[in-house]
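Have a look at the structure below, then the notes.
So that you can tell them apart, the chains are marked A, B, C and D in the order they are listed, and the count of residues begins at 1 in each.
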């Protein structure tokens, strides 16, 4: 389906349910898709960081795009992450995603290698040209270890190379300056915040929507938050955000002495989806450390306190 | 004067005007103080990063506290930065500040050295005990290269060690989680954002006030922004913030090929104050690189576009 | 061929010659292989950072392993980089490499994701088990953004999970402590430095060999350096290293204002190989910026000063 | 006394003994000075990172310079650290040090603030001019969070602004390239490595000497290492370095779960000096966490294994 310009609303980055032996659980993935659509989200982002894109083989990535595109059945746009290190590798993923029904792709700057703004711009231009799909830039310095330069984003937005930005930089000050610039220069460009704890402020600042990992667990909450903001009910939006900020504590469920931050956060999202009965198995991909019983207990308490269990 | 608990509103971090030969320009500093008070700010923060505290000798620091305390004359609380590497050195500054009339002090975590959350907590406890003045923690990872751990801040707030926090981390997501926690556990604790580009969002999230470097240049703008937010006029607050975000472009006036970020930003603040007729000389302390004529022209244009000249 | 235990000597990380239209230039790659073998190196490392592994598609990676394995024809061990973000993806590369004739594989810690020492150890154990080939750990924090913990390396060495380490961390102090430990605890474990500017010191400290990107350009120099060290001719080794340190200036040929560090360094290696008549075309993979004429001139001068042209 | 040009040999950065109530223990400091001179060191560096300069008040710093200058009594040059954030503050320390008998000063680049190579160069020029003493640059990115640019160092060396460099960057590859350049362009410029684990390699590369924190604990070891190297006995130098690398494990004595790296390393140096009977009390300055009994036991075992107890 054609992508709205700009894309707005809640676009959750779908978790990727796995079977106990590590295959894609397509049934659970379709169920998650259905739940999110029913909650009123406006797009589906597969193969992002919350979708464990970094941990999936190319065959698994294909299965994910295919499954969600089929489950969405044209009701909502499907954005596919094409996370890889450089242009030639990203282009391979992009062509696959297009053939499998994705409506847009989401790419980061080059990583692993030491890059430069001119190379980043060239990268996005080549990916846009080669993919034949609308392209979103994914700004996630925590993973990529560079921040997308604002000038690069504005130029690519104005030139129509980029359809939008997913900003997971957490740098809301830089985001504010960018919003002021693109509003004037590229009005169809969608700015989606990936900072799930400051969505009210980002929407107040003019962001078009949000890509919240926590939206897997509480899609209704983010849809309410977005609707409050869209209607100018800022106090209510802030109260909803406060509730979601408290719920976000579930991402700290895993003990940092024995696992990395991704193991804890992605493990908690999946444990929550499992406790909620949305997915069949909470397993994450190796080498992530599974949450133990105590950690799952902490996830359960967060859900209970938020009224989700 | 006793500090309100919690401190709220606009608390600008005063620039420190210098004479052409590098001495404190006490006349200009008193004039700046008067201008800020007239604009309706609710406190005065001297010897912060915007005040070039890192560049001033101990004697100059004393002159600054003395000058502003005298000019404020008890109308507003004066908070004094006590920026130094470790506890014993910070305590020396704290005792000086107290003797010269400061109403509160503002200290960072230890830096230069490699520290630990337990040491950071002990540092603040010792500074609070030794200083005999209300203590604000200054979270500025860009300078200090550690982020204050949320658990440490909450504990010190609850224990009454800290009267408040100046959060210049730019991590508004972490700030949101902190606000949810301290609201419940330490209601008198003041959270002031130092992120001058996301003040509307921070106030919507429950922050008590703002410490904006740009508030030297446009104190009325920040006071209006704060008052809109306090009255629930969020669209108006956001519009004011947008205007200030555009004005913030003046901090990019200096050419990054020939000077550091501090030279550009602090040089621009002082150039603006000079163009506005508030201070007599725009000089910054060595080894900062002065703005050249072209850069000052860029500052002037930013002021004109913002309606300040 | 079976890998010597420990592997010693000069193991250059081969550049990957490309045709003007971006395909693998197998003829040039075979020629480079032959040149390195003739110079007396003791192993061949393909698909490392110098080999532009981050920029090659999976099909191109297969071509590289196949071409070099065939050209080497069992005369020297071929180590294949299996550079990817996490265990499942690395295992796919590892199985490919094994099927194509690689004698060992070289893997980094997980990247893009936020990981933990326990996950890193588990990652290497799973890769070793799944690959069925000797495994070298590749410590390259510049790309991966974590440093391999010494305790992890020692444990995995002692357990036989790792056959060796390629240390491109540049942290020669940490390397020294590691060497003292593994010498006592895992005598068959090979420690190869990837720091091409401190090879004399590393060999003096007990390292077994070197993986020098610059060895593409001057393999004889590194072989001489290694032989001097092996014979205890330390002054001669240092003089050779000094000459190579001066030659290394060619990696600065590209203008940092218009390109990233990888574009400059890898572009310079390939320009040098082209000037030396080893490869047919100096092209690097997109989105790297090609060296312009002035930059190639700087490479030429470095080669002339080093007596290589 | 006039400084040799270049300064060579072992120049230990003296620990600063404290009394149990936190004053400078001048008797112990004089005893430490005497011990180091007797061991054959060639210079004394006070108020460096190992000397807890970051933790001492200005009055304490004065006491340290005065005490060591008096104890040295002109037998060896005394280099004084003038560690502070920017030029005006560094100059205050420099004037004090000169008046108290220091023979040279050691300054870092500006820190806390965001700086630029042009500002760094200007900083050193102003400090050299204002101090009237030979100036060493102290490259310690771990504390200062910038690396001294090689071009800046070479220019300042050639211009006579800098008498030498203390390189605690740990980047031995960059050091090698620098050594090749200054040897040709500034032969009187002293390059001293602060990387106490790669001294043999640094001397082989042409460094003039070493500033080893561990030299407080085992000055004879570093003097032997230097003398082996000076005589071309490289195998013996490497064996001595290996022994010292094993001894360096004492810096890990403190539990990283409860203290920072400085607490552990500086605490261990002082615990060792106390166990050796050189200083009267092992206390470190607040807010460092003292070593507990178990940690002191680990220090003792390291000393025993190294034959120092």
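Of note:
The rule is simple: a contact is a pair of C-beta atoms (placed from the backbone, for glycine too) under 8 Å apart; a residue touches a chain by one contact, two chains touch by 3 or more.
Only a predicted model underlies this, so the values are computations on that prediction, with no experimental measurement involved.
Between the contact lists of chain C and chain D, the overlap is empty. Seen from the Cα centre of chain D, the chain whose own Cα centre is farthest off is A. Chain C has its Cα centroid 49 Å from the Cα centroid of chain B.
Here the CA centre of chain A is 35 Å from the CA centre of chain C.
Of all residues in chain B, none touches 2 or more other chains. Of all possible chain pairings, those that touch are A-B, A-C, B-D, C-D.
On the side of chain B, the complex with chain D involves touching residues 22, 49, 54-58, 60, 83, 85-89, 92, 110-116, 118-120, 122-123, 126, 142-145, 256, 258-263, 285-289.
Those residues of chain B that touch chain A in the shared complex are 170-174, 176-177, 180, 195-198, 200-202, 204-206, 232, 234-235, 237-238, 241-242, 245-246, 248-249.
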